[in-house]
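The same subunit A turns up in both complexes below, where it pairs with subunit B and then with subunit C.
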Partner chain A sequence: MSKEKKQKKPKIKLGRLEKREARVGYLFVAPWIIGVLLFLLIPLGQSFYYMWFNIRITPLGTNFNYVGTQNFTQIWLENPEFPQQLVTYIWQTVVEVPIITVFALIIAMMLNSKIKAKGFFRLIFFLPVIIVSGPVMNMLVSQGASSIPALNTQSVIAALDTFLPYSVAESIGELFSNMIMILWYSGVQILIFLSALQKVDPALYEAAKIDGGSGWECFWKITLPTIKPMILLNAVYTVIFLSSNEQNELINMIVSAMFSGTKEKGYGYASAMAWMYSVVITLIVLLFFLLLGSKKDVYDRMVKKRIREQKKEARLVKRIERRGRRNVKKIERARKKRNYRTYDGSGDD
Partner chain B sequence: MTAAEMIKRAFTREKLHQFVFGTREKQGVGKQIVIYGLLICIGFIYLYPMLYMLSTSFMNRDDLLDTSVKWLPSTLYLQNYVDAAKSMDFWMSLAKGILIAGLPTLCNLFICMVVGYGFARYDFKGKKIMMGILIFSYILPSQVTMIPTYVLYNKMGILGTIWTFVLPAILGNGLNAPIFILIFYQFFRQVPKVLMEAAAIDGAGHFKAFFRIAVPSAVPAIVTVVLFSFVWYWNESYLTELYVQGLASKSIWTNLVVQLKNFDSAFESKAVTGDMATSLNESVRMAATSLSILPLLLMYLVLQKQFVESIDRAGITGE
Partner chain C sequence: MKKKVISSVLILATMIMSLTGCGSSGNGGSADTNGGADTVGEDGVTTEDITLTYWHYEDETTINLLAEKFMEKYPNITVETKLISDMSTDLSAAAAAGTFPDVFSGTDSDTALANMYWRDITEYVENDPETANLMATIEEYGIGKFDTDVRYAMPTWYQPSAVFIDRNVIEKLNLEMPRTDWTWEEMIQLIKDATVDDRTGMKYFGLGYYNRLDSLYGIAACSPEERAIKGEFGFNGEDFDLSYWAIGEQQFADLKLGGYVAPQQNTQEMEDWSGDWSTWFGASGHVAVFSEGFWSYQNLWGVDGYQETYGLDIVPYVTPNVVDEKEHNIIANMYMGGVSTSCQHPYEAYLLLKFMGWGVDGWKARLEIYNDESITNASGVALKHSNMPVPITLDEEVWEGYKALFPQDEDHKAYWDDYFDSITRPVPYGWYSIAGYWNFCDQYFNNLAIHDKVDQGVAKAADYTEEATEQANYYHAEAMISYFGPGGYNVLSDDDLAKYQAVVDSFAQ
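This part shows the complex of A and B:
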């Protein structure tokens, strides 16, 4: 056993070839490392630094005034808009992401079944990816092209209002009125699901059919577990897309705070907002990771269990061997003292 | 046997069930009707805003006010498009937009390819941490680094030029670059290592192996990255306005999407001088919207196959 352990982690010094290879690897990645330092890590630190300051830009230069947590207290206590929008954003994201993901999955399943004109339908469902940009969406929404006129939102709200609190009913109604826009955001997700579905091994379905599994069972026991990583991928993609989308009010608030001329706002104030916003986004992404993240699948778990059992067995065998050796010694000793007898008489001389 | 009995025998309950719901081997007609019906309905919902936009953009003022005209305009009124194009400065914005989206895309493509290859082919210390940072940089919203980056560009004096898009792209931090790096990483890992070793034995250096073996084998990934990068840069109105335009109206850089964003004010200011034949109304706005998505739409129709199969080919979903 101990030998195997040593083999797992060889502590060999890198040879000259490996070292050279590693150097070339660094060379290939170098532009990205510089970029990350310049455009990610340093700005991240800087904005963390900025958020404790009140920054005023004067013709003579930039003035930094240390204000401590004043930016935060101002955002939370004096500017009611930001917390309100933040709550709306969280609520919207948590509701819309599952809707978009499930919808994309349904469409992908339908496209994956044996139908004609598959290419044509794919063409339509992917079309929004090409044209969704902030201003285009704003234009369409403001002209009322984003809701289906046949779907009367008010009646939906009124119907829900009877057994739900008004705020919940209203947000669900809002969801309905923006249904097209929500559907439009699922173009990439549909394609990701579709290509994952096409890669599920058909032999699995055949085997399940022979064993008498229905389509419903096949979906829950074969399709869903196979494409589970893609569900997570799509959920995360959707969260990121929704949060960096120009339809998002929070982003506009941050920018307007950044360039606002008032005394208390400015770069520092906007940095504090941006930090809180990104913490919230990271938390939402984490939430989806926790919900959808793959627990080790059954096979992996069984392999691990088997390995554990094997180790236990090996230990047992060793113990028996040790005990056997000890017993042999004991017998030897007893034999020397000549007071050892066996029934078959082999102990007797 | 009477006719009624024959019919009865032909349409037993089981057969009807099979006909509608299908058997294990064959899909039933009923199921197919449901699928087609749903797909066509949802497809119509998808296209509805576009159809609405198109039909409205051809209406003149009388049609807009006339409630009996709903979908088909009474005449094909093209003045909306003429005025919208004039207000948006269509051809100039189109050319600049192509440049703004195209140049960073090329940089993005090349650098992401190089970096993805570096991650996939070589082992070095800290690779795992770097991959972690890569994924983190995708999750992190750009708003948090936006302010210091803006200050940085301002100090470098490149605010309001196309360099604000090209420079991060050259350094592997362009728009959505982490996704592209991961696509290439995934792709190059599938190139068999034996192939590389064979090339090395035949005397190819690291760079020759990259250009002669890795790059030609990655054509599907290249197509995907170019298409997506172009579309995403094209549709990015917000960063374009902030960095490339630098929020200054005097900057020469603009693209169609940004023009659309500021359409109302631009149209009003031009209408004051009396250039416009129409006044600002729904139709003109919709005409402007269709103009701003027209170039990408044409591109999509021409390259539809590449677009639709792109994700399939890029190997995001694994093999």
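This part shows the complex of A and C:
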């Protein structure tokens, strides 16, 4: 067996068709590879380098002045806005992600049910993703279109303030004032949930119905467990979206620091900000991963256990075989020396 | 399959081409550089074909027409213009990409100085006879020199602060029009007298503002005997004294708290007062005095039919002085323009800067353009109604032509003439002329939200005077060392460096 393991797999020479297919495959992923190299890895490396410098870009060239961790200390000690915005961002993201995800799931389930003009409604919910981006969104927000006029946010805050700390109540109240905007952010998530819902085997629902399962029970026992990986996907997507859209104050701060002409700021300062921000985003993604990451279910555990048992049995069989072979050799040696005896002491002869 | 491969290759090729397009960059500065081997004409201007780039904040149509006039004058020079949308973003991106303009006129001098965008143009300015006939404060206060001996920039676009009065409101309230060379106290009194709430209709407010009165007061308080203020926050060229600002700030806050100031546009207060959220107080017909930008007249009140529509009769008044002096300093918007350090043809670039800014020829070309109201910009507005600047030159011919662009009827001409005669001593806002001003505002003044606190009555302006003065001195000294010390232009003497360093050190302690 060990010899078998050591044996290399024979190289299979690709035929012309396979080679062509492989080339086409590389061709298809080439834009992604180029994109990642040009717009992710290289800038990532550059910004990591920049954050240790004070950088002045003059018309005659770029001056790098090594400052060590000074950019970081300046951000934390002399820019009170950054830590303040960071705390606000963390709080808002942690609260908004579940709201957006749950809303998207509800809408996706409604759109997946048997209703008239299903396609039209799907279009309506996806439309904000196409239209409401960048400057359009900024204009709508500045004109108060992101809030529900009939909703008295102050009353909500006052009501929450009776049993929650004011800062928490205020943050939740802010959510209500941005409710429409939050709902606008759900287009892509709705699509993802919709595709997941459509892949759930109808036979499962049929079987559950035959056994007398209600819609409520079907949701908790069939729908939710089946689409669980998509919940994590949507949560991560929402975190990334909220962290990098045009309404995000931190992104605006980083951009304005990057192009700021003042001597402390510039590319180095902005890079330090961006790296700290990305660490925070990673931690939030990790948090959602820990909360929503799929834990192995009972069936999965049973399958794994059975595989382990099978392996154990195989090992046992091998051990017995080895022992058998050893005994055979031992008997043969004894026979050659003519001192082989059976249990009753009579021997072979 | 074959089709798929071909289409993939095409897509990839398109992507690579577009990416290459993104990455391409110009050569920065002059498009045609000839390594300084110019053939120079008698006037000192190159006879080679060159291209100069001019970036600006003005009306695009006006600047493009001016560029054409410049090219008519110098046929071998091609001028390419670009409107700046955000100075620090556009210029730092251009510097990074190697496409920095040869000449630019901007609003934030700290950005230009911190990154050494401007080159020394002292020699050109000092040897140019036309600069002798500019408004006196430019040379007297070294506007564009930033308290060094080197000239880095010149004011290119000037609009003075202005106070406007609605004569109709004054008449309705049975008040007397003030004299045109009024004092600060007379203005405050008029604001108070013109605030009338008879509870039968819309309340009359004494003041509507765009410019806060404390900004005006800082300069209006200038009395040469007391302290020669040449910048905001009581700046005298060496250090600050915010006690002047504090008086104006408190006075303005008291007016606001006393109900003498009209609500701002798009506020609940405005809706409560006028019944319409989006009303501008300047079109309400119920405000007597306006502390507005000069452009408000050109862009709105000065447009045919506007005043008739809203029942207004607007006349300009000079920002009054605290002491009763006819000729006094006034605060002003002054874009600073300079020749970039990367420019290959500095003299030609200086000529372009002058033509676009303060030059007599440039101004004559401007007047031609402004007088032809058939020429409109992209918004369909005649160019004289699109942020037209005020001449910095004192050339009589230019001024005669300029004054003619404003109302000439008997009722109004005297007001305008008096106004223009009183605005010959401009002092720019801090962000145009004081090193470190932005850092002070950004990191201290605005951070503490001093205006809001004083306006709401939760703090007194005087409480901040001492600390704010120390902070302002520190930020200025730090900026002077950084911009003009060995790490920057390196033009400060050892004594100056030691002086600024002492301020920084004493602050750190």
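The working rule: the second predicted complex is superposed on the first by the 268 of 349 C-alpha atoms of A that agree within 3 Å, B and C clash if a C-alpha of one lies under 4 Å from a C-alpha of the other, contacts with A are read in each partner's own complex, and residues count from 1 in each chain.
In the analysis below, a residue touches a chain if its C-beta (ideal position, glycine included) is under 8 Å from a C-beta of that chain, and two chains touch if they have at least 3 such contacts.
Treat the numbers as computed from the prediction; the structure is a model and nothing was measured.
> Which holds for A:G173: it touches subunit B only (first), subunit C only (second), both, or neither?
Touch partners of A:G173: none, neither subunit B nor subunit C.
> Taking the superposition as given, does A:R56 touch the first partner, subunit B, the second, subunit C, both, or neither?
It touches subunit C, and subunit B stays clear.
> May I ask you to decide whether A:K209 touches subunit B, subunit C, both, or neither, giving the answer as first, second, both or neither?
first
> Counting only touches as set out at the top, which of subunit B and subunit C does A:P31 meet: first, second, both, neither?
A:P31 sits against subunit B and subunit C alike.
> Taking the superposition on A as described, I'd like to know which of subunit B and subunit C A:F259 touches: first, second, both or neither.
Both subunit B and subunit C are touched by A:F259.
> Looking at the overlay, what does A:A274 touch: subunit B (first), subunit C (second), both, or neither?
So A:A274 only meets subunit B here.
> Pick one for A:E78: touches subunit B only (first), subunit C only (second), both, or neither.
After superposing on A, A:E78 lies in contact with subunit C but is clear of subunit B.
> In the superposed model, which partner reaches more residues of subunit A, subunit B or subunit C?
Of subunit B and subunit C, B contacts more residues of subunit A.
> Name the residues of subunit A shared by its contacts with subunit B and its contacts with subunit C.
In subunit A, residues 24, 27-28, 31, 34, 38, 258-259 are touched by subunit B and also by subunit C.
> Taking the complex as given, what residues does subunit A use to touch subunit B?
18, 21-29, 31-36, 38-40, 42-44, 46-47, 50, 107, 110-111, 113-115, 119, 121-136, 138-140, 143, 145-146, 148, 179-180, 183-184, 188, 191-192, 194-196, 198-199, 209, 230, 233, 236, 240, 243-244, 246, 251, 254-255, 258-259, 267, 270-271, 274-275, 277-278, 281-282, 285
> Where on subunit B does subunit A make contact in their complex?
Result: residues 24, 27, 32, 35-36, 38-39, 42-43, 45-50, 52-53, 56, 111, 114-115, 117-119, 121-125, 127, 130, 133-134, 137-152, 168, 170-173, 181, 206, 210, 231, 234-238, 242, 247, 257-258, 260-261, 263, 282, 285-286, 288-289, 292-293, 296-297, 299-300, 304, 307-308, 310-312, 316-319 of subunit B touch subunit A.
> Hey, which residues of subunit C end up touching subunit A in the complex?
Listed in rising order, the residues are 1, 4-5, 8-9, 11-12, 15-16, 19, 28-29, 86-89, 91-93, 95-96, 100, 108, 110-112, 114-117, 340-342, 438-439, 442-443, 447, 479, 482-483, 487.
> Going by the contact rule set out above, which residues of subunit A touch subunit C in the complex?
20, 24, 27-28, 30-31, 34, 38, 56-60, 62, 65, 78-81, 258-264, 266
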